[in-house]
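Per-chain residue numbering starts at 1, and chain names A, B and C are given in the order in which the chains are listed.
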Amino acid sequence: MPEPPVFASQYVSIPHRDHSAELGMWVFIATEILLFGGLILAYFVYRHAFPQAFAEGSQHTDILIGTINTAVLLTSSFLVAWAVEIFSAATAKIVTWLLVGAACLGLAFIALKGIEYRKEYHEHLIPGIDFQLARPLANGVQLFFVFYLIATAIHAVHMLIGICLLLTLAIISRRAPTTRHHTALHSAALYWHFVDVVWIFLFALIYLPGRAAS
Amino acid sequence: MSEKNYLTTDYTLRSWLLTTDHKRIAILYFASLIFFFFIGGAAATAIRIELATPQADLVSSDIYNRLFTMHGIIMVWFFLIPSIPNTLGNFMVPLMIGARDLAFPRLNLMSWYIFMLGGCTALFAILAGGIDTGWTFYTPFSSLYSNSYVIVAAAGVFIAGFSSILTGLNFIVTIHRLRAPGLTWYRLPLFLWSLYATSVILVLATPVLAITLLLMATERFFGVGIFDPRIGGDPLLFQHLFWFYSHPAVYIMILPGMGVINELISCFSRKPVFGYKFVAWASLAIAGVGFLVWGHHMFVSGQSLIASLVFSFTSFIVAVPSAIKVFNWTATLHKGSLRFDAPMLYALAFIGLFTIGGLTGLFLACLAFDVHATDTYFVVAHFHYIMVGGMVTAYFGGLHYWWPKITGRLYSEYWARTAAILIFFGFNLTFFPQFILGAEGMPRRYHVYPPEFQVWNVLSSGGAVILAVAYLMPLVYLGYSAFFGARAPANPWNAPGLEWQTSSPPPEENFATQPVVTREPYQYNEAFEAEPQNA
Amino acid sequence: MWRDWIPFWRPGLSPQSGDVDLLFAGLLIASALVLGLLFFLLILFCVRYRAGNEIDRGHRTSKSWHWEVSWTAASFVCFLGLFVWGASVYFEMYKTPTDELVVFVVAKQWMWKTQHAGGQSEIDALHLPVKRPVRLVMASQDVIHSFFIPALRLKHDVVPGRYQDIEIEIDRPGHYHLFCAEYCGTEHSGMIGEIVAMDPADYSHWLTQQAPASPLADEGGALFRQLGCSGCHGNGSQVRAPPLEGLYGKPVPLSDGSTVIADDKYIRDSILLPRSQIVASYQPLMPSFEGKVTEDQLLRLVVYIKSLAGRPS
């Protein structure tokens, strides 16, 4: 791969720079884990306090869209992993299309999520805006939906950032790709997989309670 | 001075605002932090003047509540947390490890912009009408009852949090990856160990604050949320999440101060720091155990007695590494050759004040006494001994120590010593009476108070005036020296650290040639003292 | 006058506050010793080893396992001792209250409303008999407050959405401060009151002097009918609801197989969140009264249901 002769002067070599970038992304992911960790802790506190209400709340979510979204996101992660694997000057075109594909799947995820939000809005399940549910479990279900909306919204923001990253990289890698771009892609892929893993946790927490028995 | 240094490479505003040089970014932080420090300090002065009499005479209750909230928010998030890491740390980390820059210079600049965005958002909240929740944002008051700019202020803190995270991330990667050849972990100056421990906390605790404030702000925005007791939400969960960040944040504030003290004590005793490895690991122990003590803020909140027991125990445990540090610093003085330049005066003041703060921390970790003392002036006095007596003193000490390196100028030693002594006395006069007030039972955040508390309050307010004047002094003589002071040599203190091996102020690329480290830090032995230093 | 300025010179006035004062004295002495030693060493070293002083500086040590281990172990043992001491007094202070004399405290922005079982209510004041344990049941109408009596060295937060109870006992008659210690908004510093401790005879006299009020239990009974509770829980009703007579203080089997004791918290939760704990073999039919009753009314209902404890079911 052609490499520009200069790299930032604080590094002694290209691998030195690239490994530092990767370490940076891992540290960032540690931060992100704690961000979602705080939220998920709150979830478990309330699920422990209101088990029936959380099971009830989960029944009101759309597991079909949730499952399709999981599949969409896993496929998109696969495409990104594939792109990282085959990245080279010769495969620039394929890499570009793989990244565009992954980004499109990400957008599809967001679109499906939007449909799901709309459906919930029509079912009066949005706390603070329009929430109507027969008591007695209304309070707990409301807590469940507060968590659901905040968690999925934060996740969606992460998705949007990821999509922008993937599209930017897709555009860059059309031109002569370098090891620098490979590192960037590698870090972006770490981030994208992380967002994917978060979704798998959210999926289990949001869609599955109370469904095992039915 | 024909050679170009980092200050003289370019004079345009653009070259400052778009710089990726860690030294210039440190200067940008200096300027911003001085600004925030004096805003927070002005609020503190107003509070103390108001409290000189038991009645309300200067301001109304609403204004008073906004003043102490503003003082807390500005001082915690826009001064103390970024103070040493983002100024002295930003400047010194690459120099002390023999690197050209931090690992991610553009990220470093971005973190300053994010910080300023957060700061301006918080300032906007203050100017728009203020916020009256206290810096702790306790729900449901903040989310459902307060009539002030809570969301805007929380947004400011939220944004500034990203700046902290990016700085921490940058330091971790830099210290891991960019150390000069031969600079093993046990050859790192202890300042870097403590900044490393600080960075770990910044990276792992700040996101929890972010999510907590986000949950609080959504609850306020939509009128219903996860801490809302009306739908079964638990306000104590907010406190748990908040203190999970905010207690480690106390260590974010004090650890860099402890780090600076190592450099000062060793330099002005002409001796290596006693028990280097213990002091180094004590920093990491504080960072680690510091994550397990948050519940000691909640001994009277109604959390389970067992939880209180556990948190009281861990709070005593986290005091052990702090005690280790104090003992090691004292042992460092033994058989040293002590010089009492201004930085050393600050360092000695730090040891005394930090120890008083730490010991009274034990009072508060002690369950039965905390029931009486929590939420009183005893707590206020305790954390000001740590934060102001400890951290701000260390900050001033470090600032004086590295001032010749940063600006290339020497300050007036006479005025520096006078200011140091005045700060010490002003500080004690301000905050020691508050221990007594707290023990007497005066609750904190009281605008008016029963008249029997007045005597100690008057003393405290008098001290605050002295302290305010003393804090203005360095602004004058350091400001003067930055432009008119005598030129500083490369190594005015005759110290062995890598940062002193380059010229003062350092060139843009820090070192002309890549330094190589061949020995332990703090080698103030006879051989070193005999060596001619490149003055 | 100068004695008033010395903290804790006026000794605490409850059975536990003496222990707290002793603990405080212990902490002060321990700290004074540590500080004394530290300052002695600092000053000694600063004088002896000042730069110009010609003194033996040979045999420097830069590390010593002996010293490190000794002072680490010494700090640890001291801290452990203080921890155990503090914790044992704490458990004594916050022991489960006995049920002798109950007073209800409702905190709201920015006042303390206290209510005696006989229905006498006070604002920002609380009259109590001396030398008798009193159980305070506290609830908040809005934000978090904190009930703080410095003279008793006692404090407890009052968190909305739950009951907190503590036991207090005052040894000597007198007037004492009551503070709100948790910041609660504009007039936080005005949320102060007075604890008036009286001899039992004076206290009884005071109770009778108060404006005639119906006992809380009676008011609760009226509310019970007014809110329609009696429609289901009353005798001879068509709906099958658990009887409340003889309920208080007894174990209740729940539909999920567990058992709870029917205490204040259980009754409160059952009114507000009826379906979180369903009594075994009953249908979850009861509507929630969340938002339909104030804390004052809730207290009265709880007291009423409590008063049914003696009656046969």
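Everything that follows uses one rule, which is that a contact is a pair of C-beta atoms (placed from the backbone, for glycine too) under 8 Å apart; a residue touches a chain by one contact, two chains touch by 3 or more.
Listed by chain with UniProt protein names: A = Cytochrome c oxidase subunit 3 family protein; B = Cytochrome c oxidase subunit 1; C = cytochrome-c oxidase.
Every value quoted in this text rests on a predicted model; they were computed, and no experiment measured them.
Asks: Counting C-beta pairs in contact, which chain pair has more, A-C or A-B?
Replies: Result: the pair with more contacts is A-B.
Asks: Centre-to-centre on C-alpha atoms, which chain is most distant from chain C?
Replies: Chain A.
Asks: Take the average of all CA coordinates in chain A, do the same for chain B, and state the distance between these two points in whole angstrom.
Replies: Measuring from centre to centre gives 35 Å for this pair.
Asks: Take the average of all CA coordinates in chain A, do the same for chain C, and state the distance between these two points in whole angstrom.
Replies: Roughly 45 Å separates the two chain centres.
Asks: Hunt down the residues of chain A that sit against at least two other chains at once, touch-wise.
Replies: In chain A, the residues touching two or more other chains are 50, 138-140.
Asks: Chain B: which residues touch two or more other chains?
Replies: Residues 231-234 of chain B each touch two or more of the other chains.
Asks: Which residues does chain C have that touch at least 2 chains other than itself?
Replies: 273, 290
Asks: Which positions of chain C touch chain A when the two form their complex?
Replies: 273-276, 284, 286-288, 290
Asks: List the residues on chain A that touch chain C in their complex, please.
Replies: Going through chain A, the ones touching chain C are 50, 52, 135-140.
Asks: Tell me, which parts of chain B touch chain C in their complex?
Replies: For chain B paired with chain C, touching residues are 61-62, 65, 132-134, 136, 138, 140-141, 144-146, 229-236, 269, 271-272, 274-278, 299-302, 305, 308-309, 312-313, 316-317, 319-320, 323-324, 326-328, 330-331, 333-340, 348, 351-352, 355-356, 359-360, 362-363, 365-372, 374-376, 436, 439-441, 443-450, 452, 455-456.
Asks: Along chain C, where are the residues that touch chain B in the complex?
Replies: Chain C reaches chain B through residues 4-8, 16, 19-20, 23-24, 27, 31, 34-35, 38-39, 41-42, 45-46, 49-51, 57-64, 67-68, 71-72, 75-76, 79-80, 82-83, 85-94, 109, 142-144, 146, 148, 150-151, 153-157, 159-162, 164, 177, 179-190, 192, 273, 290-291.
Asks: Which residues of chain B touch chain A once you look at their complex with the stated criterion?
Replies: Result: residues 94, 99-105, 107, 165, 168-170, 172-173, 176-178, 203-208, 210-212, 214-215, 218, 221-226, 231-234, 237, 241, 244, 509 of chain B touch chain A.
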